[in-house]
Amino acid sequence: MNKNQIPVGPFHPLLEEAEYFNITVEGETVTDIEMDIGWMHRGHEFISEQKTFTQSIFLVERICGICSTSHPIACVHAIEDIDNVEIPLRARYIRTLVAELERIHSHLLWLGLAGHFIGYDTLWMWAWKYREPILQMFEIISGNRNHYGMMRVGGVARDVDVDKIAALSKILDQVDEKMEMIAKAANDDPVLKSRLQGVGILKHQDAVNFCAVGPTARASGVKIDVRKDEPTDAYDLVDFKVIVLKNGDVYDKTVVRLLEIFESSKIIRQCMKKLRTANGPILNSVKEIPPGEGIGRYEAPRGEVFHYMRSDGSNRPIRHKVRAPSFNNIPTYIASCKGIPLADALITLAAVDPCYCCTERAIRINHSAEGAQPIDLLRLSREKTERIRRTIHGA
Amino acid sequence: MEPSALLTFLFLPAAVAVINLFLPVRAAKALTLLTLLYLLYCAITLWPSASLGSSSVYLGVDRLAAFVLLFAQILSTVILLFSLKGVRRDIERFFFVLFPLTVAFCNGVLLSRHALLFLIFWGLSGVSLYLFALLGKDAEASAAAKKTFIIIGGSDVFLILGLVLLIGSRPVDLWWLDKLNLRPEAPLYWLAFVSLLIASLAKAGGFPLHTWVPDFSKSSPIESVALLPASLDKLLGIFLLARMMTSLFVVGLTVKMIVVSIGAFTIISAVMMALSQHNGRRMLGYHAVSQVGYMIMGVGSGNPLAFAGGLFHMINHTIYKSNLFLSLGSVEKQTGSSEFDDLGGLAKSMPLTFIMALVGALAISGIPPFNGFFSKWMIYQGLLETAKTLPVGYQLWMLICLILAIFGSALTLASFVKFLHAVFLGRNPGTHKVREAPINQWLATGILAILCAIFGLFAVALPLKKLIVPVMVDLGMPEAMQFIGFFHPLLLLGLFAVVFGLGILLYFLVRTVRYDDVYLGGQPADPRFRITGSDFYREVREMPVLNKIFAAADKKYCDVYEMGSKGTFAFSGWLQKLHPGLLPLYILYIFLGLLILGLVINIGG
Amino acid sequence: MAKMDQFFAEMGGLIGKTIRKPKRIYFDVDKNNLTQVVEYLFNRMHCRLSTATATETYHNLEVLYHFSHDASGDYYCPRVLITDKQKPAIPSITPIVRGAEWIEREMFDFWGIEFIGHPNLIRLLARDHPQGLDKPLRFRRDK
Amino acid sequence: MGWYNKRLAKSIWVFHMSGSPCNNCDIEILDLLTPRYDLERLGIKLVGSIRHADVLLVTGIFNQKVAPKLKRIYEQAPKPIFVVAIGTCPASGCCFKDSYNAVAKREDILPIDLYIPGCPPKPEAMIEGVAKLVEVLNG
Amino acid sequence: MSLQMVFYLLVFPGLLFTAVLGLSIGWLDRKLSARFQYRVGPPFLQNFYDFIKLLGKETIVVRDSVHSLFIAAPFVAFAMLVCISTLIGVALFYKQGFLGDLFVLMYLLMIYSIALILGGSATGNVYSSLGAGREIKMLLADELAFILICLVAIVKAGYEIGLAEIAAVQQARGAFIASPSGIIAFLIGLICIQAKMALPPFNIAEAETEIVEGPLMEYSGPPLAFWYLNHFMMFTIYPFLLILLFWGGFSANGLGILWFSLKYLLIVVVMIILKNTNPRVRIDSALRFFWRIAFPISFIALVLAVLGV
């Protein structure tokens, strides 16, 4: 009878997305955790099979708002894998540039949210303040802060010209400086350390058994990183380290992410240097996709994104499987949350950097013209946004 | 007062007990109630005329005894009112025989002036405790009864020893127990003091002889728990202690400090145990122990204000603790359980019981304006008064005791928050349909709750001026009076009421109310989503040093009875090993014995 | 490549039709041999189970497991064909690979494939679904 | 209640619910609170419990599983309560509207007072939307 | 109850003064926190707007809760805080009090927590229950050190147990904060009031991201408004108490008022800095901190005080 259960979710301040955990506690010690997902399920896989290959890239971008370039990259890798499409060098660098920028933005976002979850709003505000320049860089590159629409089968959609690179590197210099400061603040704070060290340990063997990926696995001493294991794009042309720590607690997960930020910034610098010189096309046009199957994967900020495409020779995939990193990482809660206080369990839930939108993907798109009710509103909004932006930036 | 009038207090309830054996239960109830009401009336009339002047050799009543007697009658009457409906059918007859008998024994203790009589009644009241414990229904009851009997009986041995040491040298007809004024510095009297202290601590439930209280509380009928360990035994034990500190001995500073320390330690150790209990009865049992600490501190310190506070706390404790036990009794009778995990959300279905228990809980935690606060406040003030005049080392010692006492009341509050949450608030597990307790039950708890409030709000005007000050004057400490009278609970309540009224008025002016289910992030309000509160203090239990202490307490290392029985068994086992049944060995023993005897005699010679 | 050859040498008897592409190997496995192959891939070769894909074709259902050999970057993809489309059932690999729990539950949810020996085979995403969403990715083709 | 609405407009406590979005809008909502946009200067505060909320910010297409919960939560909010839909998803369904799991009419689930379209809408657009709401409240 | 007492209670040191000062200082708290985080922060009247807005909202009462307790709790806490602020204010500004009022105060201060806990658990919400458990554990944690520092003040004042007397002793012989024991006790007191006011890093009971604001979770409308007000009223009560006990109280000349305001602001600013530079600690760490670090340190202060240092 001594079973006290706490429902966490579907709507809980800890969860930006709707998700539901049923936590059994004794006092405040978690004894069991049960997960019920599916609140974010939109049927991406189903929708995707109704779309052309090009459309599905647009669709997978909307699997998740945070890693909104990792899914397209993995998706185009899968399509390219069917037919071994060659990608121009410049496009490879641009892909890497955008992807690594996204990694910085995602890790900073996580750091801020983690700060918020442990009641350290100052850290949240600081981390997000320095995330803004990164979003500004995206705006320079693609014109949008979040969904960039950069990926195409055989290359990228937009070029990053030399003017832009100059602006970008100026911003990056400032960001680097601030990043050092935040990393120091987060690393040296004794209270933060005592709050996070030894909390929610994911043992090495558990990480292997649960097939964990990304920083979650790397913090537990599992050395996997798609960027090194199967270098695509420009990763075999740039120099970077894979960060691996061995304790598997929340603190190590934080440190892995912080150090990865610096590695990413190193990669971006190398890419920008190459982009100044390596001229050439940015897109190999692909006329048709032959029958066959292809696997595409990419190391998203949270771990390996996996896309599987099967084509029957038409312009639409007959099967499009998406597996996001959080899908593998979330079950590790069972191994890391039992027997620890509730306050720790909740930060452990967040430490995986779970992305439920990714987890519950499955895509399909169908452009039919009916139901065009909000077009007018959309246009007004765009004009309004432009107006505000002009006034804010004084341009 | 004629000594013959005092006999009423002894013989009337005893006779009623005998008559009850033959009456139908319904009549027995009525008869007992009438008797107790009459005794209450007698006690009230006795109060103004109580003095030792005209008493006989055997029976006599001074202010202190009359004061305690009065409250013994009030409490037993109220508890009887509660017991009128709801005692288990199979034990009902025996219960109503035992009840007046217990009252008679208790009155006997209070009224005896002669040591032998005192001793007999003291022992008999212990026997009645044992008999009540036997009435419990679960398997632990007989073990608890045995434990109670051994601890209380064992302490009676010390009482005998102490009394013999005190007055053994005098002729029998001078074995009085008043105004001896001995100094415990002499080794003989020191031993007597310790023996009597043990007896009084065991009765009142002080550390380390408290362990029978929670066990008794767990398994005996709840009415008897409210009657004996919560009220009458407290009265008797502290009565003896007060006697010791005032008329039997003239104690020095160190002795006082030791007694105060015992009090402080009792408070903190018992309340820590209470924090981690999962059963309502056991928790209240531990609190019955912990609260004794304040009385011991107050009475033992020898400071007039603290002494008065200790006496006041004694009666306060009997009131609110009986109230709490009886409220829990009502709950238990409605739901059939006193385990925290099975209860919850009862405030909705038992609002009256909840209010009474709330008052009791606030009073025991020392929340103004209820009575518990006032007596604690007097004790603290008295202790500080004492500390002021002491040398530095003693000052610190006293301050540490004071810190333990004040912190003890915060811990008390904490465990009663758990109690209220687990029993009345929180969420019902949905296993039982519960109705409000019958009228006699909430009436009884209601009277006690009202007493809590009255004794808190009119503390100075009623109990202190009318009852305790005369006792203090009689005991030769009239200066207690001059400290009283600066804190006005009524004024505070008035201020509080004005602001509270304003707030509520504003609320009623602007409110628009809607009723809805609990918000659980969109999940429906399922009964399985609840926190019973029984594990509230797991973190406290798991603190690095405390976890060892708690683990030791769970293994009963602090329990004199358990350790004693273990030791006894170990010793007898060792003795058994010495008896293998071999003749040569026995002959060897005999020779060894003779040898040792010879040596001793030689050395002695 | 040495690993791959060793794999074929030791497991060759258990696998059927094979498609080899650079860094990707797709091969058919009979459902009775599946646990043996997975055991070898996971415990002996220390591959990581990336995910598994269920696909419905006109004739049958197929489950394609994706094992990633991270040291070399190769992908080993055992394919199990299920001919009984009405009551599809294959052995579960969750007892071997703990991480397969959710993957198999998802396939159970969307395709109705039963995994024999799965410790906790309940629907993953559409559990307690108010509209009773049932095998959504198959329903479409039956229609 | 014009006078009261004016006070309400100065202190808007928002509760954020996501009805199966791609979480980009959610991130942008949080972004509004951070130094560059700082909605607290307009008296807007993010709260954790629906009981404290004045405005519900809702994102996503409301899939069938989450829709009843959204409805339930809306009922649990103290009146007066306003619903602001952020992003293209609640407005049109975006690319998900043909999914088997999307609800047909989002207006049936929640009475939406204000749409702020965009995928995701720029933070500036959201502020403009809030300003519109304030205008409405001020009469 | 004389007219003067009503004035004390409702206007000057009591209701009106405490509420207005509290809400204004609450603005300072929000503004400074915002500045720490590179934000602009709310306008000055923001807390007043919030309060008025909450008054006009609907009150939602949980159906199977104890309605009367649920509604009464915030008002009980409110009335108690007003009484406490009157007690402290009268001792501070009018130098009046009664014998032993510090003990009364120590117990009265617990009532806020009790009201919060009972109000929260009356709803039967799991988060409120968890929050109630945490609240009472926090009370246990900080109470030990708080008792000690109160005793330090009492001992240093020569065993005077009255607020007014303690202030008078300081006016005569200099503030306690100038002595070693006084400064230790003052610093521990600062941390204690941080915990008693449930400010970060000790906002464990009302942690938003863990237990959804704990006991306050189910409150809405006017009762919530009063909890809101209560929270900010403590911004006046506790710093005043600290000044009264250790920092020489208040003298009613021009410079005295200025000096008093500076002391008050300094304490508040230190609290806000503490609030913004620490993550929320776990409940067991808080217990451990107060029992194993703050308690021995404040005990040293007590020993020093007894020795007269």
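By written order: A, B, C, D and E. Residues from 1 in each chain.
The rule is short, and it goes like this: a contact is a pair of C-beta atoms (placed from the backbone, for glycine too) under 8 Å apart; a residue touches a chain by one contact, two chains touch by 3 or more.
Worth saying up front: this structure is predicted, and the values here are computed from it rather than measured.
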item: Other chains in touch with both chain A and chain B; value: D, E
item: Closest chain to the centre of mass proxy, which here is the mean CA position; value: E
item: Chain located farthest away, centre of chain E as origin (C-alpha); value: C
item: Top chain pair, ranked by how many C-beta pairs fall in contact; value: B-E
item: Distance-maximising chain from chain B - centres being C-alpha averages; value: C
item: Rounded Å distance, chain C centre to chain E centre (Cα mean); value: 61
item: Rounded Å distance between chain A and chain D, as computed from the means of their C-alpha atoms; value: 24
item: Geometric centre distance via CA averages, chain E-chain D, whole Å; value: 36
item: In chain C, residues with contacts to at least two other chains; value: 126, 128-129, 136
item: Multi-chain contact sites of chain A, meaning residues that touch two or more partners; value: 4-7, 10-13, 18, 27-28, 38, 41, 43, 46, 124-125, 129, 341, 360
item: Residues within chain E bordering two or more other chains; value: 37-39, 56, 58-60, 126-127, 130, 133, 208-209, 212, 217-218, 221, 283-284
item: Touching pairs among all chains present in the structure; value: A-B, A-C, A-D, A-E, B-D, B-E, C-D, D-E
item: In the complex with chain D, residue positions of chain E that touch it; value: 30, 34, 37-43, 45-46, 49-50, 52-53, 56-60, 208-209, 212-213, 216-221, 224
item: Chain A to chain B touching residues, read off their complex; value: 1-12, 18, 20, 25-29, 341
item: Chain A-touching residues of chain C, taken from the complex the two chains share; value: 21-24, 26, 46, 48-51, 53, 55, 64, 66, 68, 70-73, 75, 77, 97-103, 110, 124-129, 136-137, 140
item: Chain A residues within the chain D interface of the complex; value: 10-13, 16-18, 38-44, 46-47, 50, 58-59, 62-66, 68, 109, 112-113, 124-125, 128-129, 131-132, 145-147, 355-357, 360, 364-366, 368, 371-374, 377-378, 381-382, 384-385, 388-389, 392
item: Chain A partner contacts - residues on chain D that touch it in the complex; value: 16-28, 30-31, 34-36, 48, 50, 60-61, 63, 65-66, 69, 73, 88, 91-102, 115-122, 124-125, 127-128
